[in-house]
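Labels run A, B, C, D, E, F, G and H following the written order; every chain starts at residue 1.
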Amino acid sequence: MTELTLRQLLDRVGSGEVAPAEASARLLDLLRAAPFEDLGFARVDTHRELRQGFPEVVLGLGKTPVQIAAIAARIAQRGQTLLVTRAQPEAYEAVRVAVPAANYHADARAITLAQGDMPKGSGTILVACAGTSDLAVAEEAVVTAEIMGNTVDRIYDVGVAGLHRLLSEQARLQAARVIIVVAGMEGALPSVVAGLVQVPVIAVPTSVGYGASFGGVAALLGMLNSCANGVAVVNIDNGFGAAAMASLINHL
Amino acid sequence: MTELTLRQLLDRVGSGEVAPAEASARLLDLLRAAPFEDLGFARVDTHRELRQGFPEVVLGLGKTPVQIAAIAARIAQRGQTLLVTRAQPEAYEAVRVAVPAANYHADARAITLAQGDMPKGSGTILVACAGTSDLAVAEEAVVTAEIMGNTVDRIYDVGVAGLHRLLSEQARLQAARVIIVVAGMEGALPSVVAGLVQVPVIAVPTSVGYGASFGGVAALLGMLNSCANGVAVVNIDNGFGAAAMASLINHL
Amino acid sequence: MTELTLRQLLDRVGSGEVAPAEASARLLDLLRAAPFEDLGFARVDTHRELRQGFPEVVLGLGKTPVQIAAIAARIAQRGQTLLVTRAQPEAYEAVRVAVPAANYHADARAITLAQGDMPKGSGTILVACAGTSDLAVAEEAVVTAEIMGNTVDRIYDVGVAGLHRLLSEQARLQAARVIIVVAGMEGALPSVVAGLVQVPVIAVPTSVGYGASFGGVAALLGMLNSCANGVAVVNIDNGFGAAAMASLINHL
Amino acid sequence: MTELTLRQLLDRVGSGEVAPAEASARLLDLLRAAPFEDLGFARVDTHRELRQGFPEVVLGLGKTPVQIAAIAARIAQRGQTLLVTRAQPEAYEAVRVAVPAANYHADARAITLAQGDMPKGSGTILVACAGTSDLAVAEEAVVTAEIMGNTVDRIYDVGVAGLHRLLSEQARLQAARVIIVVAGMEGALPSVVAGLVQVPVIAVPTSVGYGASFGGVAALLGMLNSCANGVAVVNIDNGFGAAAMASLINHL
Amino acid sequence: MTELTLRQLLDRVGSGEVAPAEASARLLDLLRAAPFEDLGFARVDTHRELRQGFPEVVLGLGKTPVQIAAIAARIAQRGQTLLVTRAQPEAYEAVRVAVPAANYHADARAITLAQGDMPKGSGTILVACAGTSDLAVAEEAVVTAEIMGNTVDRIYDVGVAGLHRLLSEQARLQAARVIIVVAGMEGALPSVVAGLVQVPVIAVPTSVGYGASFGGVAALLGMLNSCANGVAVVNIDNGFGAAAMASLINHL
Amino acid sequence: MTELTLRQLLDRVGSGEVAPAEASARLLDLLRAAPFEDLGFARVDTHRELRQGFPEVVLGLGKTPVQIAAIAARIAQRGQTLLVTRAQPEAYEAVRVAVPAANYHADARAITLAQGDMPKGSGTILVACAGTSDLAVAEEAVVTAEIMGNTVDRIYDVGVAGLHRLLSEQARLQAARVIIVVAGMEGALPSVVAGLVQVPVIAVPTSVGYGASFGGVAALLGMLNSCANGVAVVNIDNGFGAAAMASLINHL
Amino acid sequence: MTELTLRQLLDRVGSGEVAPAEASARLLDLLRAAPFEDLGFARVDTHRELRQGFPEVVLGLGKTPVQIAAIAARIAQRGQTLLVTRAQPEAYEAVRVAVPAANYHADARAITLAQGDMPKGSGTILVACAGTSDLAVAEEAVVTAEIMGNTVDRIYDVGVAGLHRLLSEQARLQAARVIIVVAGMEGALPSVVAGLVQVPVIAVPTSVGYGASFGGVAALLGMLNSCANGVAVVNIDNGFGAAAMASLINHL
Amino acid sequence: MTELTLRQLLDRVGSGEVAPAEASARLLDLLRAAPFEDLGFARVDTHRELRQGFPEVVLGLGKTPVQIAAIAARIAQRGQTLLVTRAQPEAYEAVRVAVPAANYHADARAITLAQGDMPKGSGTILVACAGTSDLAVAEEAVVTAEIMGNTVDRIYDVGVAGLHRLLSEQARLQAARVIIVVAGMEGALPSVVAGLVQVPVIAVPTSVGYGASFGGVAALLGMLNSCANGVAVVNIDNGFGAAAMASLINHL
């Protein structure tokens, strides 16, 4: 249950569509349940959707397929929307047994299952990336933003070494309400994009590169030192985090 | 001229308040002017207000008082709002000669002069900080957010070692539309705040600390690795950047 | 022989249960033995139990299964308690041949064999961890603390992004005599825990995370810069070291 | 009020020394007071003594003398014990105006004022340091431990390059209940000490050294990688933190 | 004597303008002189002009004014062109006593004295910088390039956050034979410039910035990871080195 | 079409060899084509050859063989010269299907296909490397320089520990117009080479080494701090970038 | 030919054992040979034995088995002593084909073939290591020192956490002329050893450890900051380099 | 008393020059004295000369002038040779009061007083440095080596960018028994020197440089990765440590 469905329930009580007793029963069920479910190795935060607008998301990294599947099953059984990031194919195999309807997005390395009504964001989230090698991170952002109820547009491979590729997309840049910019190597794209638009830019450094890119540190530092206004940064390769931030903004 | 004043002008043309010829003359003046003014050592971006909603902001760091005063004079003479960050008292002395109406905010190390109508942001920007030593950075954020047309609330010295100080301010946390969290040392406050609210959190690491804080690196890394959703990070001590980002979000 | 068994022996001499000649013979055996046994590639510290309260522990990392088995055999043959940390399954296979009674704790990657009386610690050691991915390190701490004679309690997956999961466990936090807090990513949990209790907190950063976690450095720095009192830190992923420290405290 | 004085109060109620009405009045006063006092730039945590056994300690670093004096005055007026660390002489000048009884420890850069009964720790805390240059940090630990109610012993300038200086102090090492070891440069002393004793060792790296000591990083890393058991580490130059940890252990 | 003046001498011998005996005497003088002059604390490389086209340049950093003046005097007395970089005003005061004709360039922190014919470079070296704070480094490059015989053009304050400032200078960019790009903070300007031109770009990171700029490391890494072709990098703040490289290219 | 072939076309129009109508048709074709081709995951920069003298080069790292082959096919079909760097054998297998004439250089890990006339550089590019282990990077530079139209000379295994190996090649050093110096470990070779010649030196640090070479950082820092003039540096292992820079210089 | 065999030859000429003509012929052969042999991918330094007392040593890291075998064959064919370090078993397989008499030291990962007379060092080189995991590096030092003509003694697993293991070997420590100390983790052993002896100590940090050992950086920094006199350091895991240095000292 | 003077005493007893009773009295005095003298803030190691051949050396860094003078007085009163390194002029002023005969070496920042007979080293220690800015560190090495009883030769300003300055000093290089090479910036000089000689080279990186020299880290890493044999490294700017090592070698 989200803030939206809570309000809808109460509206329907107000309009007589739902009897107070029925609403009361549903709310009591919710309140009686513990705000988390303890699996021993994990405490599934069952009230997070109510508190923060989206159910707990599962970070696949560092968990076994069996652990991921067990957590995913709990979330799915509660009728909540499921998102597992950094999921290897073996994790998906395990999840599919418990949650047959779950989907796998290979490019984004993500497992999803949309359930219930997700409130729609007001505008479009644009995901831009500098090069083909940034695709996995960009797609993680796209999958996340979409399942969180946002319309998403993509502009890929528009790195600063060939500015005309970016400048030719001015209309789409201006049309976005929030922009996620994904870039590795020198990480200069967010500065250039933020200089062209009047909306918030979430910068995602990627570990793409070699040598003195130091696994994304060069891009991260470049973005943190951006001379443009309206840029904030998330962790290296954190497409999910950028999309969660963008979605919050787009739902204001 | 901002997007807002442009729209107001055209509205008044539409309603007959302003004659098309007069509006045309004003717009031609604007278009004839170069989009920047070259002072030799600096190119003042005179169209930035139109392009990005706020005039060029002057970073005082690394510029001489004389350079700062010259740039400030140009901005003030154009009737634009002036903001100089990282300004030492000597810089203010120099600016005051050319721009007598300019104000100095000693805590925030900022010079301001509000001119013209700034569009108002929709909600409140809350600035929270972990300790007394983070005050200069927090105040830079406050001054910036206010001059950019936002209502600002402050909660200071609510670090995670005494959680009750933060938990007692839940109402103000929930009332904010965007939250800026300023913290040095281990930089854990943004994670805790973001776990309690449903709005975007802009995290600002500060160079407060010693030893293994490495001038703010510990706080920066902590914030980039936040396990909470809805956190994005700006540079160490960059109160200005956080506020510029928050203002963009608050003006959507 | 530990300090405890030495005292017990002398007590029994005092009470006449053991003849002085017999005690003398046993002590002479001990004193005649070299304080270490030289295997060429290793010097097994045979007096460490007497000197420090627990026999030498074998760090499995960087040793071959054959080397581990040889050292383990020497320790077991002396009737001392065996603990091998960072032990791969192949190491266990090798150890089992020489020490058939040895146990393998797969989650903790540890081999153990309890022998003799271990003095009991006064209170409970609580092991808390921030996320499911920290489990291996937390379990290493649990196995170590238990074999060193401590009662252990576990609270897992209580990261700071969902504070209510931790706050709901206040009673168990207050009941502990020493707390080990295991966390990766931003490593903020020890600060929050230490702010809630009045007992020593041993913080263990883990290499859980990606990007700017730098293999646990972000968590390590966060913990070293903790603004809470009563926190000390061990090496990244060093569940063993935290438990050894906690056990010393618990045996004071 | 500490846990100890609370218990004493109730004991005296039980024995009839204090009338229930009087005790009740005192407790109500305490409960009615906010758990912190908001000075705008600081929230003084007035219940910390009750919660954690010692009142809030003021870190002088990054605060102005005026701010320090204001906070110190509030703490002193409540009858609580005052400790300001990293206090410059100017801070002491400011504090002395408001709190004339406050003392200044120049070597330790600390301001103190003992008020009320502090529960005594069970044993001795030994503070050892490797060289003369580590003295300021060692003295900060000594002053902190003493004001927190501990008996303290000192062994200074016993670095590992002249082991006989340390080995000649075996008796004092064995007599301690907790040992704080302060060392810069290669930071090897805690490993050696921990190999000789059976009590917890708190290691404090110092920024003493030059070149590849990197402001204490070499010592910090050495201590984190200690091959000895029973060593935990605090931040570089954090004599206070080590003593706070040691005092907690000594009061168990 | 440079390669050029050597060739001119021999040409004049060939054309009869100079008698072989006279030329022979001059060459013998040169060959008899040691290829360096030993001042004890310095060995002035007297043949460097012949070997590398420009006399030894004096790095003022880390030398006393007295040492600088002594070396400068030797170079000037030999009729060679003098360049001292990183020269403080006190160094200039000392040099002026020995070499009264020497000039001081305060912005560039350089001392110069042009002597003899310097061969002219083929085209123009363009020095561009991202912000006003990069001016000292850019001017060091300008002064160096000019005294090495190059025509220099300047474009200052054209950072990537306001691309139109750079794009409006396309003609001057295309007219250059070599381009030096000086930038701090995220250091993105060289990538953008190199994407617009077909000539070599020498990138100079500057220590301009704060926080995560780490004294120019962010800019340095950004430039090393440039996704544009035709970019090579020199040390942080090394305007001199960039100009020396550019001059070599311009003299090919 | 490069600048050269454009000029040739117009020359032939001027001399009557080509009819204006035919030339006009060819130029219109070019202008009508978008300046890039959007493959979804990549935007192939089809005008780069015209703008920068060489078609877009494909960095194989981080792209799948299928992606590489698709991009390579587009470039080859346009009659442009193909260069894929960091190409694994599997990438070559995929490319060969679409572009059967493509060659694989196993040492250099590069795929090439020369098409059309490439303008010739004026002099020789010398590629020197310090040790046998630097060969892969040196060969990447050689293959790149050759396909960009340069004559290349090689001197391998001339590290500074045996200077006579380098000094015996003075003639070839003096004969080069640009020198690429490839070195790992301490990276001292570029300084020594630049001290012997009067032409630009492009330094390429390699990740060859172990321990404190930190994957090439030691060599990178050594080269950035070179005390010799005329040295500029590219990323670690970036043989391609060095050759692209050298080729630009050689084509001036 | 080494300095020793050269002297022996001339002695025999002086005593009439060898005819001047024969000696002259042998020396001419040597002088006529190039001082290195160019294999294309490597220049074998054939005069290094004469110049530095030991033939060129082959670092196996980063070379293919085929390259290693080719270089080894050239060295062996000249009658020089062969040493290949960091040699995988496959490299040995390749070398054995060309040099059937070569030996493989699996612990030390080294290939050797002693040929000719190596001058004997004056004293004993002692190799000490802190733990069993340091064995591979220690053995590389042993194999190197032995083939360079030194008598070697070993003391293994004497880390500082159990000092009595080291102190019991005082006699062997005092008997050595040079000591190589190999240690990972905190790297404290060299300081302790150097405090006990009066001979040079060569410290070798190893990459043994985990977490904040950072691949040997902690040990390296510890050794560089040693507070004991008479310690110098080589690269992480560089057992060979330590032995080469020790051998030079032992042959003085 | 050193090993040498002890032997001389016994020789004289053997030859009848000194009566056994007198020798016995002197030795008893020595044995009765504690092996260190405790000043509270320092433990002066009074037996170090006997144990290690040279009395305790005082590192001036981090000690107050008063502390330095007190330690110096104790050493001087015992008739031992005094060496204080990193001594500011104020420290010398304080020492001179207590030890009027002490000398100050301003270039080397050292205080010395030679007392008693120091055994002479066998050969010459050569101190070479790369540039004029390395002079302070080089002189610290010279002063140290001389007072420890060595003959010292100096070659200054022979950096690798002008190799002929070094190659012209081959004779002095070959004449040395140990060579100390001091260099900042890229730190390449030790590799080149070690390739030319057959004696041990002690490399001292200096903090000379700027930008990416990172206070000497670039030079340090270069030296640790030296491809030449016979190089070992000490801490950045540690001229004293290099000389102490060289002296030990020279006294073997």
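Heads up, the rule we're going with is that contacts are C-beta pairs under 8 Å (C-beta built on N, C-alpha and C of every residue); 3 or more make two chains touch, one makes a residue touch a chain.
Please read these numbers as outputs of a predicted model, since none were measured by experiment.
In terms of the stated touch criterion, the partners common to chain E and chain H are F, listed by label. Of all chains, the one whose CA centroid is most distant from that of chain C is E. Residue-numbered contact pairs of E-H overlap by over half with those of C-G, the repeat interface among C-G, G-H or B-C. Rounded to a multiple of 5, the C-alpha superposition of chain C onto chain G involves a rotation of 90 degrees. Rounded to a whole number, the gap between the C-alpha centres of chain B and chain F is 45 angstrom. One simple way to say how far apart two chains are is to compare their mean CA positions; for chain C and chain E this gives 62 Å. For this pair, chain F with chain G, the centres built from the Cα atoms lie 39 Å apart. The multi-chain contact residues of chain D, meaning those touching 2 or more other chains, are 131, 162, 195-196, 211-213, 217, 220, 224-225, 229, 235-236. The complete set of chain-chain contacts reads A-B, A-C, A-E, A-F, B-C, B-D, B-E, C-D, C-G, D-G, D-H, E-F, E-H, F-G, F-H, G-H.
Every residue of chain B that touches chain C in the complex is listed here, in rising order: 130-131, 159-163, 185-188, 191-192, 194-196, 209, 211-214, 217-219, 221-229.
Residue ranges of chain H in contact with chain D, taken from their complex: 35-36, 40-43, 45, 47-48, 56, 59, 61-63, 67, 71, 86, 205, 207, 215-217, 220, 235-238. Against chain G, in their complex, chain H makes its touches with residues 3, 51-54, 57, 122-123, 177, 195-200, 202, 220, 224-225, 229-236, 241-242, 244-245, 248-249, 252. Here chain H touches chain E in the complex through residues 131-133, 135, 156-158, 162, 164-165, 168, 208, 210-213, going by the rule given at the top.
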